[in-house]
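Just below is one structure, and these are the notes that go with it.
Chain nomenclature is as follows: A, B, C and D, assigned in order of appearance, with residue numbering initiated at 1 for each chain independently.
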Amino acid sequence: MAEFTSLRAAIEDLVPDGSVVAMEGFTHLIPVAAGHEVIRQGKRDLTLIRMTPDVIYDQIIGMGCAVKLIFSWGGNPGVGSLHRLRDAVENGYPRPLMIEEHTHAGMATRYVAGAAGLPFGILDGYVGTDLSDHTNVATIRSPFDGEEVTAVSALNPDVAVIHAQQADRRGNVGLWGITGVQREVALAAKNVVVTVEEVVEELDLRGPNGAVLPSWTIDAIAEVPRGSHPSYSMGYTRRDNAFYTRWDAISRSREIFAKWIAEYVSGPDDFSTYLAALDDGTLTSLVDDD
Amino acid sequence: MTENGYTSDEIMSIVASRHLRDGQVCFVGIGLPSEAANLARLSHAPDVVLIYESGTIGTRPEILPLSIGDGELAEQADLVVSVPEIFSFWLQAGRVDVGFLSAAQIDRFGNLNSTVIGSYEEPTVRLPGAGGAPEIASSAGEVIVMLRQSARTFVEAVDFISTVGFGRNGEGRERHRGAGPTVVITDLGVLEPDPRTNELRLVAVHPGIDTDDVLDQTGWPLQVASDLATTEPPSGEELRILRELKQRTAIAHAGP
Amino acid sequence: MAEFTSLRAAIEDLVPDGSVVAMEGFTHLIPVAAGHEVIRQGKRDLTLIRMTPDVIYDQIIGMGCAVKLIFSWGGNPGVGSLHRLRDAVENGYPRPLMIEEHTHAGMATRYVAGAAGLPFGILDGYVGTDLSDHTNVATIRSPFDGEEVTAVSALNPDVAVIHAQQADRRGNVGLWGITGVQREVALAAKNVVVTVEEVVEELDLRGPNGAVLPSWTIDAIAEVPRGSHPSYSMGYTRRDNAFYTRWDAISRSREIFAKWIAEYVSGPDDFSTYLAALDDGTLTSLVDDD
Amino acid sequence: MTENGYTSDEIMSIVASRHLRDGQVCFVGIGLPSEAANLARLSHAPDVVLIYESGTIGTRPEILPLSIGDGELAEQADLVVSVPEIFSFWLQAGRVDVGFLSAAQIDRFGNLNSTVIGSYEEPTVRLPGAGGAPEIASSAGEVIVMLRQSARTFVEAVDFISTVGFGRNGEGRERHRGAGPTVVITDLGVLEPDPRTNELRLVAVHPGIDTDDVLDQTGWPLQVASDLATTEPPSGEELRILRELKQRTAIAHAGP
């Protein structure tokens, strides 16, 4: 049964050093505030899983919290590189980062297998690529017609962290719009932390593709309005495209990145400083003079 | 802007849009593919079905999305499904006619690299990775590649096959459902695989582009089709629709 | 792209003799009117697929239209036996019926594999049962940890027939409530026939678990209000529990069954006679004197 | 109605409901299991989570469903999912604590037959088949079997193992996630597997039932626990809640 708690307590309790963490959200509903709390608490030796590392993992990797990344596309969407991720992979800065790389279809299949309690999943994928020689996939034959398919192992993270639009008083979580792999990762993980835009009396899924995660599949819920910035929460916030562009400049320099994190993430007590800077237009002021 | 009154991005989008037929199901990425697909939908192919890998199916965005998962795509879609479902029930099942791809490198056999420059273990440049591309290339009926042409991007052999075209040695597509890269649209012209050898060759140059320039910007000895064509220039109507779309987009994204 | 047509034309065009037909609907939204049209057109040698054969297949099998049944639970829900199915299996009447039997989980996995374009699917199932010796399943090992799972072959029917609440003018189909395996069977089949309660301007999915099948995945749509009777269409009709009970008596006797079919199904030109008898309370009058 | 003021169906439902603990996730079938589970929810286990195989999760029906997929179940559910999903993401993944099953036959090792009487190829009686039962038995944390007792249904060995208990020879459950049939509730008493042999033995008789009657109604030499108990009779409260539920159901289903 889900417990309502602070984001700080949820991350303290459920994201220990060394754990395998999946923070999902496909462009939409990225749990950025939760990622900041991971940085703030100085977590170490995490294995991070996420299809699209995005700004959230660029920040966590840039602060040296992770030893390994399992992913399928590591760019800044519509902008270019994730510079902190590149610095870790290319130069081992601030520490070396092991990577385990898959395709989107492969990662999705792995989460589905994990959610379904199966040891592996199958797909028509990876064939002919060099990736199949550099990652953990296998070929198996159909016992019926001999056709070959690719097998990928299930993903069952220690903890899944997602952001959703709503939770009701009983702790049922509601989300809608582009739901990516969030239901699958929540059902695949041993523990689940959810941040929500709003706690409501009754869920009101006012958009396409509505989905509910019942309270008893979730461990901790924290109300964190705008907790998905710079991504968005359909029905609540809009994507901050400008921030993604500015992130390129912030993250390009090790020094500016460190200063930005100290000022808006690790220095403050919670997410409110970041939101205040967002509101008064100073969140990207470190690079606004460029 | 060229002397002909359009940019190289514009002619790439316009040429790509002409390759889409009405009613086709099209798996779209962000940037030029999204421009091309929406231009087709707003002109000669009103019933083209656009799918974005975020799970939005049959979407008709008023403005161009800046990310693969913009709210606009979900709001204007016939349906929205999960990411596992978009790849299994829709792409893998063979329901997509045309997929758009780009990359950091392409080689003479249409293989694409979006993973690393240098070795995989110790890359000179770590690129974003393959994302959805390998299975788009495998399962879509055919693939349209859009990529600005230079000797740095059009290489003899890619450093890493992120996404397979006709294979390292042009061996073909026996193990794949789809036909692979049937056309490569660049800022200079159009390349298509030679049906006998699977090697990309130049089949058209854009207006005002010299064939020698194309050869210079290609990292292998590029074959030229005997019936080399010149691309039909963008029409006023094509340019008008594309520019209106981009203007609507700029205004919307500048908004509050 | 879906064409709006008559139910008669749809069944004529898309359900040829000898074809492999899946008419799905899990308790809810069973395409009964379409089943009646199959009987009316005297189809022969069909292979019928359906998780729960229910009254709809009891009628089709009782009329000798089928050579084979692929299924997982063949009872009259809440009532008892399907007597026409039993007569076919136990006595070969009116003709022998081959059966291929699975579990619910197995059938669901087979449809999912079919919809996903895979040659087979995997599950943790059938283990320790005698069914695994009498049906087409295989054991495969995980290439990662050696764990055994059960493989079942994909189902890709020639034609799927489903009933839904709505279609819009463009031919997009909307359904909600208990959707069973209908999306999966529609996406697994080569052709798709849909009957709907109502053609609307815009889909209005006014219940939980709303789903859309886009027009281009469907071949023929026929508007057949109440076409799911005696099952129901959430938001439009209620389940006719009394009919299921009366069906036990109608179907128990070969003669009464034949008379009932002649009067309400094969004799009339279309489904309207059946609905008229339902409205005036005479639909089960053949057995109401018991 | 017995002389004690309750029917044998009522004591079966009430005894079964007592086996559910608050907060457990319960996979429910139609009929007595549905009565038992909803009685538990309306009495001592308000937060029991009821799942029906039609895809309704966390449902709180006001009235008992007559089919596994009644609209009432969907309307009162926390969520409704597809049938493939209910079996994969919810049952197979190990999210169900307790499953209810019944059958046409049960044997001394708790194996269930709902497929055929006689041979599979030429059955004397063709039964409906296994449906969801094999995977419920395999994946649920434990299974509660509810079945009226007679020598015809409680047999030495079932004609066909539709759903495995402890195996043909009581060999156990090594290949299964769940513990299997931990209790069999009949109209006469309660049976549980002997932990040493996996053979069902009588652990309780219902009030007024003679042990010899239970032995007579069992098709194998039934072992009796040394500490044989007598079932606590239904309380007035249990009977009131159960009967009100059934009355609401009767009124609703008689309605227009």
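General remarks:
Everything below uses one rule, namely that a contact is a pair of C-beta atoms (placed from the backbone, for glycine too) under 8 Å apart; a residue touches a chain by one contact, two chains touch by 3 or more.
Just so you know, these numbers come straight off a predicted model, no measurement behind them.
Number of steps on the shortest path from chain B to chain C, with steps defined by chain touch: 1.
Remark: among chain pairs A-D and C-D, C-D carries the greater number of C-beta contacts. Most remote from chain B, judged by the distance between CA-atom centroids, is D.
Taking each chain's centre as the mean of its C-alpha atoms, chain A lies 41 Å from chain C.
Rounded to whole angstrom, the centroid-to-centroid distance between chain A and chain B, based on C-alpha atoms, equals 28 Å.
Shown for chain B are the residues in touch with two or more other chains, namely 79, 88, 92, 139, 177. The multi-chain contact residues of chain C, meaning those touching 2 or more other chains, are 117-118, 123-124, 184.
Chains that are in contact with each other form these pairs: A-B, A-C, A-D, B-C, C-D. Listing the residues of chain A that touch chain C in their complex gives 117-124, 136, 138, 140, 142-145, 147, 149, 151, 153, 210. Listing the residues of chain C that touch chain D in their complex gives 26-28, 51-52, 71-75, 77-78, 81-82, 85-86, 89-90, 101, 103-105, 108-109, 111-112, 123-131, 134, 148, 177-181, 183-184, 207-209, 232, 234, 238-239, 241, 244.
Across the interface of their complex, chain A is touched by residues 30-31, 53-56, 66-71, 73-75, 77, 79-84, 87-88, 91-92, 115, 120, 123-135, 138-139, 160-164, 167, 175-177, 253 of chain B. Interface residues of chain A facing chain D in the complex, by the touch rule stated above, are 1, 115-118, 172, 184, 187, 211-212, 214, 216-217. The touching residues of chain B, when paired with chain C in their complex, are 23, 25, 47, 49, 57-58, 78-79, 88-89, 92-95, 139, 177.
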